[in-house]
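You will see chain A twice below: alongside chain B first, and alongside chain C after that.
So, the complex of A and B:
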């Protein structure tokens, strides 16, 4: 396996960044986020970023097209940004799995060309976990945090970074780094993952009953009771994918952009038919039904959650997919 | 305290003083409590919790809850009672439908504070004297309780429980607080430094609206920013100008009504110190119009609603930056 000294990570970043843009998880104003690497920028000590890695493929705001109005003439100009090849380093196994889920939506017909463009230009370098948070539950979703996917998988063990290419793209990247050494990766220690408090969550149950049984469960009332209707869970979620298309109307210049939207919001989908789910209970139910029931129903059983634990950490009232899944299963909240 | 709150909640339901209790429900962990309404003593005994992680301010829920049938009992910390009074002043809560139990407070512990101390995989915490013994997946660690406190609790302004029907613990008073110290530090910066500070903070905003939705002063039934018919609907900041102005405008909208409860900063998933915007306005109003604390009483007139010909015209820039 290829190797690099962890103490010289900066020079590895410099070598990658010499050829293409590189994003690493770094602290930005106290908040870990995937950040464009420039000399001197170092990795965050946090396990994961506040916002997920989906931002690199599906940014919060993205220009689609511009209109220039002069008198009765409207000139239409493309607003699409030119995407160059880039590398994301330090993606955790959970976020890497989220790309599969996003792919299943954005890359199926009709293909979202903005998303596809970024995906095809990216080389994903994942980083294996060794010190999970108590909120981690990716193992319940069939993810091995110690064997992350991606174009290149990395392991930081003792003083060495071990790198292994999984795809042609990954192979090409590693070949472009002749400075890499060679070494044998030691055995990983999985014991802490067996002590995780949420390791035994069972999501298979959601495929075992008719959809309407879950939809009509009596637990939704109390689960959604104190939901603030904010979009925190949605926006930190690596698999949430809803967006709105809006115009920034400057009169003579109009910029049409798309931006993240949240099914938790009262004005979600109002643009389409002037109605939305009437109360927070229905909006709340939609979000979790989508993750646990609708998405797997439409995508060969694939649950729309990767167990990253962000919603557990970020919800202002500590309501989250784990509490919802357990309450639905037990039939009481 | 935990036992007394639970006993009180159960007793209020059993005696018929109220039909519902607004408190906190247990979670997956020891810290992830969720605001919840309980309708029976049995529910209270099996699901309710009161512990140093019960940070959420329950006052805003009373807007909706006090419009429902029957009386609701609520447990409020001193800072929450300022919001409770302020919302009544704004005629947003039907007071006769609420039985308010004030619970004295030693400061709430916050997971963000614990994580900021470098703790990872936290599975339990217990208070021993002035310390907190924290169990993690990687062993046990002792930290001083004050370092685990929520940021707002470190500069607690008052332990006074306002307008409660009953109090658990001792009634408290206002505290000397250096809550404006950070505002002063920002004021001491050059405009360029201050701009850079706020840009770095506000550019983190993801417009999740958690700050607005949790804010007891943001109690409009429908926010203009959510209203497609308002012409100013704003789901995402189109540029850095909108990114900055959303929070600054929101701070102005709640000026004179913000009690400095700190919920905005507590809930921000991006760790933006939003409360500093509000505190700056509170500090300015104190200086311009005399000391005023929103939610401290029912009679005082809010500075933004009280005009006198002697009022300084600080917002009119005539010559230079301070209106001189």
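So, the complex of A and C:
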């Protein structure tokens, strides 16, 4: 396995950044975020970023196309941001799995070329976890936080960073870094993960009953009762992918852009003759039914949650997918 | 890097003709900038029309695929994009992308069947495409009945075409109705669901229905009373849409995306899905 001294991470970052852009999780304004590396920027001590790594493939706001209008004539002009090769370092196993879930949506026919473009230009370097938080439950979703996927998997153990390439892209990146050393990674210790309070959630039950059984569950009323519809859970979630398309009329040029949207918002499905989800109960139910039932139904059983725990930390009323999944399974809230 | 084509990026098209159908519905004829029909479609499919800076909205392609020259859209004035469309004149360019959705099974399930079309208001728009397709390939289908209702005589979309063409064609029976009596109307008066029950159609027919949600609900109840099964009834759903590609997450009914898996559904398929429409 390739190695690097942890005390000299800065020079590894510099070596990678010499060839392409590099993003690392760093302490940014307010909360840790994936940040473009520049000399002097160091890794955050936090386990994970406040917002997820999806931002790098599916940014919060993204220009799609531009228009010029003169009289009755319309001209379509390219508005797409040019994407260059880039590396993301320090992606956790949960966020890395979220890319598979986003891939199922954006790379299925018809392919979203904006997303695909970024995916194909990226090399993902994951970082194994050793000190999880109490809100982590990735293991309940079949994710091994100590063996993260990605193009290159990394382990920080004692004073050494161990690196292993999993794909051709990862291989190419490591080969471009001749300064890397060679070494044997010590055994990882999984005991801390076995003590996590949420390690035994059962998500397989959702595929075992018809969709309507879950939809008609009596638990939705009480679970959704105090939901504020603030959308925080959808914004921090690495697998939430709903978007809006809007135009910005800048005078000479009209920009058509897309931006994140949330099924928790009351106007999300508002139409000329009203909305099909009139109360917060329906909107709340939509978010969780989508993750636990609809998405798996459409994508070979793939649950639309990676157990990152962000919604557990961010919801102002302490509602979250764990509470919902437990209540649904037990049939009472 | 060069511009990658993306399904969200539209083409420019030209409005060549605008017909006023009713006080709030106009029908727009659209061609590509080369003067030709911009895309091929299946009856029931839709396309996204937009004016940059105003917005984008999805509309049924109301012309039949057998029309080789242009696409037509019947559009009801009810908001941003539709107000703008109602104010333009022929010669205006718009943007267009599509076609989207599954469309009606005109070349499979419908073949050889006696067809009963039921429409309310602007709901005729998607059905007109099927009706004219069926008329064009008359030999492939059995009898055709059309029940169409609107608030008043003035609110009937495509009224001239219905009178001049559909009403005069062998094997096609048209049953028109309006909500309230008016002096220049000697036809049926009453709501569509009741009229369908009164007409007591043969239960061997395949039903193709489109209209506001209340009409669909009550008409379906009436059809079931007459002895129709849900697997004989096809309808289209209208939900809020942004991408029309099954990705923006907006238009689902349960695990089905109306933009991609619909908008046409056979009603027995809906039994397994939430009634969030």
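Keep in mind that, in the parts below, the second predicted complex is superposed on the first by the 320 of 333 C-alpha atoms of A that agree within 3 Å, B and C clash if a C-alpha of one lies under 4 Å from a C-alpha of the other, contacts with A are read in each partner's own complex, and residues count from 1 in each chain.
One rule holds in what follows: a residue touches a chain if its C-beta (ideal position, glycine included) is under 8 Å from a C-beta of that chain, and two chains touch if they have at least 3 such contacts.
The model shown is predicted, which means the values in this text are computed figures rather than measured ones.
*Asks:* Look at where chain B and chain C land on chain A after superposing the complexes, then choose clash or fit.
*Replies:* They fit: once the shared chain is superposed, the two partners occupy separate space.
*Asks:* Of the partners chain B and chain C, which touch A:261 in the superposed model: first, second, both, neither?
*Replies:* So A:261 meets both chain B and chain C here.
*Asks:* Pick one for A:117: touches chain B only (first), chain C only (second), both, or neither.
*Replies:* Only chain C; A:117 stays clear of chain B.
*Asks:* Once the shared chain is lined up, is A:60 touching chain B (first), chain C (second), both, or neither of them?
*Replies:* Once the two structures are laid over each other on A, A:60 reaches chain B alone.
*Asks:* Which partner does A:225 reach: the first (chain B), the second (chain C), both, or neither?
*Replies:* The first partner, chain B, only.
*Asks:* Of the two partner chains, chain B (first) and chain C (second), which one does A:273 touch, if any: first, second, both, or neither?
*Replies:* So A:273 only meets chain C here.
*Asks:* For A:134, is the partner it touches chain B (first), chain C (second), both, or none of the two (neither)?
*Replies:* Touch status of A:134: first partner only.
*Asks:* Which of the two partners, first being chain B and second being chain C, lies in contact with A:322: first, second, both, or neither?
*Replies:* In the superposed model, A:322 contacts chain B only, not chain C.
*Asks:* Could you give the angle made at the Cα centre of chain A by the lines to the Cα centres of chain B and chain C, to the nearest 10°?
*Replies:* Seen from the centre of chain A, the opening angle is 90 degrees.
*Asks:* Just chain B (first), just chain C (second), both, or neither: which does A:244 touch?
*Replies:* Touch partners of A:244: chain B and chain C.
*Asks:* In the superposed arrangement, which partner chain does A:73 touch: chain B (first), chain C (second), both, or neither?
*Replies:* A:73: touches chain C, not chain B.
*Asks:* Between chain B and chain C, once the two complexes are placed on the common chain, what is the minimum CA to CA distance in Å?
*Replies:* Result, nearest C-alpha distance in the overlay: 8 Å.
*Asks:* Under the contact definition given at the top, report the residues of chain A touching chain B in one complex and chain C in the other.
*Replies:* On chain A, the residues that contact chain B in one structure and chain C in the other are 244, 246, 261, 270-271.
*Asks:* What does chain A use to touch chain B in their complex?
*Replies:* That would be residues 28-31, 33, 45, 47, 50-51, 60-61, 131-134, 192, 195-198, 222, 225-226, 228-232, 234-236, 244, 246, 248, 255, 257, 259-262, 265-267, 270-271, 312-314, 316-320, 322-323, 326 of chain A.
*Asks:* Help me check something: in the complex, which residues belonging to chain A touch chain C?
*Replies:* It is residues 64-65, 67, 69, 72-76, 78, 80, 82-83, 105-106, 108, 110, 112-114, 117, 210-212, 215, 241-247, 249, 254, 256, 258, 261, 263, 268-273, 275-277, 282, 286, 289-290, 293-294, 297-298 of chain A that touch chain C.
*Asks:* Please give the residue numbers of chain C that touch chain A in the complex, ascending.
*Replies:* 1, 3-12, 51-56, 78-79, 91-95, 212-213, 238-240, 242-243, 245-252, 254-255, 272-274, 276-277
*Asks:* Considering only the defined contacts, which chain B positions touch chain A in the complex?
*Replies:* So the residues of chain B in touch with chain A come to 27-29, 31-37, 56, 61, 111, 118, 120-123, 136-138, 200-201, 203-204, 206-210, 212-214, 222, 226-228, 233, 235-239, 263, 266-267, 269-271.
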